[in-house]
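One chain, subunit A, appears in both complexes that follow, with subunit B as partner in the first and subunit C in the second.
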Partner chain A sequence: MFTELNSILSSSPDSVTPGEFILVSDRQSDASFLIHHFLSFYLRSRCKVVFLGLVQSFRHYSAVSQRLGVSLTQAKEKGQLVFMEGLKESLSVLIPQADNTESQAMNFLRDPPVGLRSLYEFVRSGAVGSGRAEDGAEEWGPPVLLVDDVSVLLSLGVDAGAVLDFSHYCRAAVCSQMKGNMVMLVRCNGEEEEEEDGEEGAEALLKGLTHQCSLNLHVQGLPTGYCKDIHGQVEVCWKRRQGDGPHTQRNLFQYKVHDKGASFFPRGTSSAVL
Partner chain B sequence: MLSELLQGIETGGLLIIQDSCSYSGRDLLRSFIAAALNREEEVHVLCFDVSEDELTDGLKPPATQRLHVHNAYPDPLGWTDHPAFAVQQFRLEDLTDLVKQASQPKPATLVIDSLSWVLRHAAPPAVCRTLQQLRKGGAVRAVVALLHADMHQRGTVGSVCHLASSLVAVAPGPKGNEAVAKITKRSKSGKVAQDEETFCITEDLTVAVLSRPSSLPEAKPNGSEEEQADPTANLTFNLRLSESELEAKQKLTLPFVFSKEKKTALLHPGPGSGRILYEPDANDDYDQEDPDDDLDV
Partner chain C sequence: MAAPVSGMGEAPAERLPVNSTSFQKKTRSKLVSIPGTRPSVQNGQLLVSTGVTSLDYLLGGGLAVGTVLLIEEDRYDSYSRMILKYFLAEGVVCRHELFVATAQDNPDDILQELPAPILDDVAVPKAVEQPRLTGEPQDSLDAMKIAWRYQHLPKVQSALASSSRFGHYYDVSKTMEAEIRQAAKCHRFCLPDHVTPSSTAHRLESYSALLESLQEVIHREGFDLAAPMSKSRNILRVGLHSLGSALWGDDLCCHDKPRHRHALTTFLYGLRALLRSSLSVAVVTLPSHLIQDRALMGSITRLCDNAIALESFKGSERETNPLYKDYHGLLYVRQVPHLNCLASQLPDHKDLAFKLKRKQFSIERLHLPPDLSETVSRVSRGELASACGPSASGTKNLDF
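Let's turn to the complex of A and B:
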């Protein structure tokens, strides 16, 4: 959890704004440090977290979270965290083993055009478990869905429209119905105006998700090129904010990722410059 | 022109609000809903993109009695068992039934939020046909739809927008809470009027038109500062002319420009000018076919 980012977003683990859909996007840069932030943030705010890790193994997220002061293994044991390890699950779909009680979540791999209904149902069942305390189990706050990252679904053969449907259903269930939050990472590697064949789906997905989200964190490299002390810039764009009038608001910050966190500062005020 | 549209759309009209990632047209759409409700009209909303609460947030209770929200947001594709309205039902018959269920004598205004959802799941020609039938059918008085233009192919957006009697394209304005609307209005006589206005929407969903930015330099949608910079600004030499220099420049005739005097002088040689007379003698081996025959090439 990065405290500086919390003050920028005016959020704290004690009070989670209900019904928020945060879209983390990056273009020719890496925004996964924000996913680690949100994972530790929501675990600390005692939300029930459903994590779809499609890019890395559980061990990876666990190791990074350890550095940020949160134990994923414990959270999983306590039932706070539902972790879907996409890499393992997809393997069990592709190479079925007799004694494997596989979940239905990754069933779309067999026939991508069918859509992501099975994945949505997995998310829903994972999120519904919150609030209802079983005997002796702890009670958790509103559900949170984290996806790292949705662009992988495109590479797995699902088309952008189906991913948008999936995110729409997740938003309707998690954000609107259960008053929880949702964080999705989407990556785009092409240039902004360029329309290559391979990038068309990713562009369409980014645009569609931008229309759906309530807060967009867009991470880019520095336009002036690589710099040792500034790793890139993040554009924070609120679509709507309660009591702030109906308009979008944009802010641009530069950031540097450290070993155990990240620092954010207004443009041109890096300690290396001043 | 925007306030004119807010005061009412003609019967059988189709108004499309076009927006993009950078500015959401939903607030303007909500203003249209609020304006229609204030005129005591019945309003039916097909709600795909946002939840009912989010859409009706800010609308006053007495007016909301005339608002009928058909909430397709939780389940637009029928993944659960009982969807209120699914995207497959976007057909004339179903929509007419839906509007008639409210059993109001007055034809209502139909609001679609957003057409992009429908276009993603139905074939564009079918959607266009349904929209056209709705306009002519008489069940609804007018249709107001939101379209996320950057989510579709240009051809799809074009064909849907051709159907519209009024088109409002919104883009972010120069200041934070302001936006620019480009309005195209086609009247029944076939006349097309275009206008561009800056507006802002207050919290009670009234639209304040600020100015007509026709005098302002046209802001490019994604124009960065570098694009707007004048390349002739900091040159080491002078590209501009003062008035006296311009006058002197215009007085000058260029060497190969034929003036009248020059032309007449060349065409009608004066009496004093010489002529060359040549009579070939017998030794001259002059070939008419190849005049350069004697050259040693």
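Let's turn to the complex of A and C:
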């Protein structure tokens, strides 16, 4: 959990605003460090976390979370964390074997046009488990869904519309019904002005998710070029649906990722420059 | 920053869980060390050498076990094939096992062209130093009088090399002797030998067959991380040549809107899944200059951990440009991974060039030397001025 980011977002592990859909997006950059922040943040605030780790192994997330002070293996054992390791589950679907006992979640790999229904069922069953208070089990807070990352589903052949449907279903289930939160990472590759047919999927997905979300953290490289000390800029954009009309607020920060966290500072105030 | 010792390895008393994946931080007490590998100083990752020492330096010390290196081929596939051969030759010398897959040539063709290792360690490159003028005392040379602002900057070291040697050197003019080569165990996958009848839009039979064959080799030879730790472990080096080309049955390189758009990306996802759960490392070459869709190239790059692109000067007008006469081509680093840690090791400079010498493939920072020659004719000076901005030659025209 990055303390500076907490103060920027005015959030703390003790008080988590319910029903938020946080979209982390990046363009020609890598915003996965923010996913690690939200993972450790929600685990610290004792919420039940359903994590779809589609691009990296469990060891990777566990090693980074250890540096941020949270143990994923312990959380998994206590039942606080429901982790789906996409890479491992996908192998049994991609290479069919005689005696495989695969979970149904990655079934969409077999036939991508079918959609992500089985993945949604997995999320729902993982999140619902927090409602029941079993004997001896701890009570966790409202469920949180984290997805890292959603654009890999496009690379695996799923339609952008199906991914938008999936995120809408998850938002209805997790954010509205169960009063939990949702964080998704979406990655884009091209420039914003280009209108290529091939990019239709990713741009449409980004626009659709930006419309659905309540808080958008958009990570980009520096517009002035490559710099070793400043890794990029983050644009934080709130969409508050207040009574007095739509009110969007944007803030721009630059950031640098280091071993145990990331530091955020207003433009031009990096320690490398001052 | 070196990883703290207390952070290495899990809870020391327990055995590693059976379904753990790669990137183990191997402590000395648990694992017999595998020849040809070393732990990274940055984050304790297990690294192997690619066979090219400057490439090892660029990748942060070496190629991490369990990752994929994507090489975007140059136009005639000469230098990318060379790097693939270096990678496989390094595997033979370190006694790792090899897995080579090709669609057009027989894998044996690549294996017979492996460069011969220089085993007597004669050619050890030294770091590039500034030439010292004889007779001049040290102090006055070090203390700059005019350009004193630049005093604290490090001396320009164009050749990329680290202080500790890891990896071997190869002599490109000779091929590896048959005895050395046959001592290494090599698995081959040649696409024409495997039947490819039909394919769906999202999965190509050729890629599925390759993935199945690779998984079968990993299981059979015991590279799985889930296999018992008591046996002596080895690394499997996977070399996939020209993936994505039309010979694999893929039309990525042929059409603007390919039918099998997601076949290669699905394969790369499966490859990453296989590698993360075994002691293997892969180098994939891809003819990216044939792929029209930049967005697709972006998603392919993101599914590989390391990615570099080669652009050779052969056949282009840069070959005769005197600015580039020392180099054979440019090298771009498209992606560096961040594995088990938040930060990635970004390269210092982004403008790199390579040259293939007889005993070394060196990657250097591209810097243009000052144009000090008196006999440069006006015609070529015009070419120089238009070719490249930051050279000092333009000012010669303003001769007062």
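We take it that the second predicted complex is superposed on the first by the 262 of 274 C-alpha atoms of A that agree within 3 Å, B and C clash if a C-alpha of one lies under 4 Å from a C-alpha of the other, contacts with A are read in each partner's own complex, and residues count from 1 in each chain.
Throughout what follows, a residue touches a chain if its C-beta (ideal position, glycine included) is under 8 Å from a C-beta of that chain, and two chains touch if they have at least 3 such contacts.
Remember, predicted model here, so these are calculated numbers, not experimental data.
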*Which term applies to subunit B and subunit C once both are placed on subunit A by superposition, clash or fit?*
fit
_For A:V152, using the defined touch cut-off, is the partner it touches subunit B, subunit C, both, or neither? Pick first, second, both or neither._
second
*What is the contact status of A:H211 with respect to subunit B (first) and subunit C (second): first, second, both, or neither?*
first
_Tell me the contact category for A:D165 with respect to subunit B and subunit C: first, second, both or neither._
first
*Residues of subunit A touched, compared between subunit B and subunit C (which is higher)*: C
*asked:* Tell me the contact category for A:L94 with respect to subunit B and subunit C: first, second, both or neither.
replied: second
*Angle, in degrees and to the nearest 10, that opens at subunit A between the C-alpha centres of subunit B and subunit C*: 100
*Could you look at A:D14 and tell me whether it touches subunit B, subunit C, both or neither (first, second, both, neither)?*
neither
*Enter the shortest inter-chain Cα distance between subunit B and subunit C once the structures share a common frame, rounded to whole Å.*
18
*Could you pull out which subunit C residues touch subunit A in their complex?*
1, 7, 19-25, 201-203, 208, 211-212, 215, 256-257, 261-262, 265-266, 269-270, 272-274, 276-277, 293-296, 298-299, 302-303, 338-344, 346, 348, 350
_subunit B - residues contacting subunit A, complex_ = 21-24, 27, 30, 49, 51, 53, 58, 73-77, 79, 116, 120-121, 148, 150-151, 172, 176-177, 179, 200-203, 205, 222
*asked:* For a test of understanding, state which residues of subunit A touch subunit B in their complex under the given definition.
replied: 117, 120, 161, 164-165, 168-169, 172-173, 176-177, 192, 204, 207-208, 210-212, 239, 245-249
*Contact residues on subunit A for subunit C in the complex?*
30, 32-33, 36, 57-60, 63-64, 66-67, 87-88, 90-91, 94-95, 109, 111-112, 151-152, 154-157, 187, 189-190, 196-199, 202, 226, 228, 231, 257-262
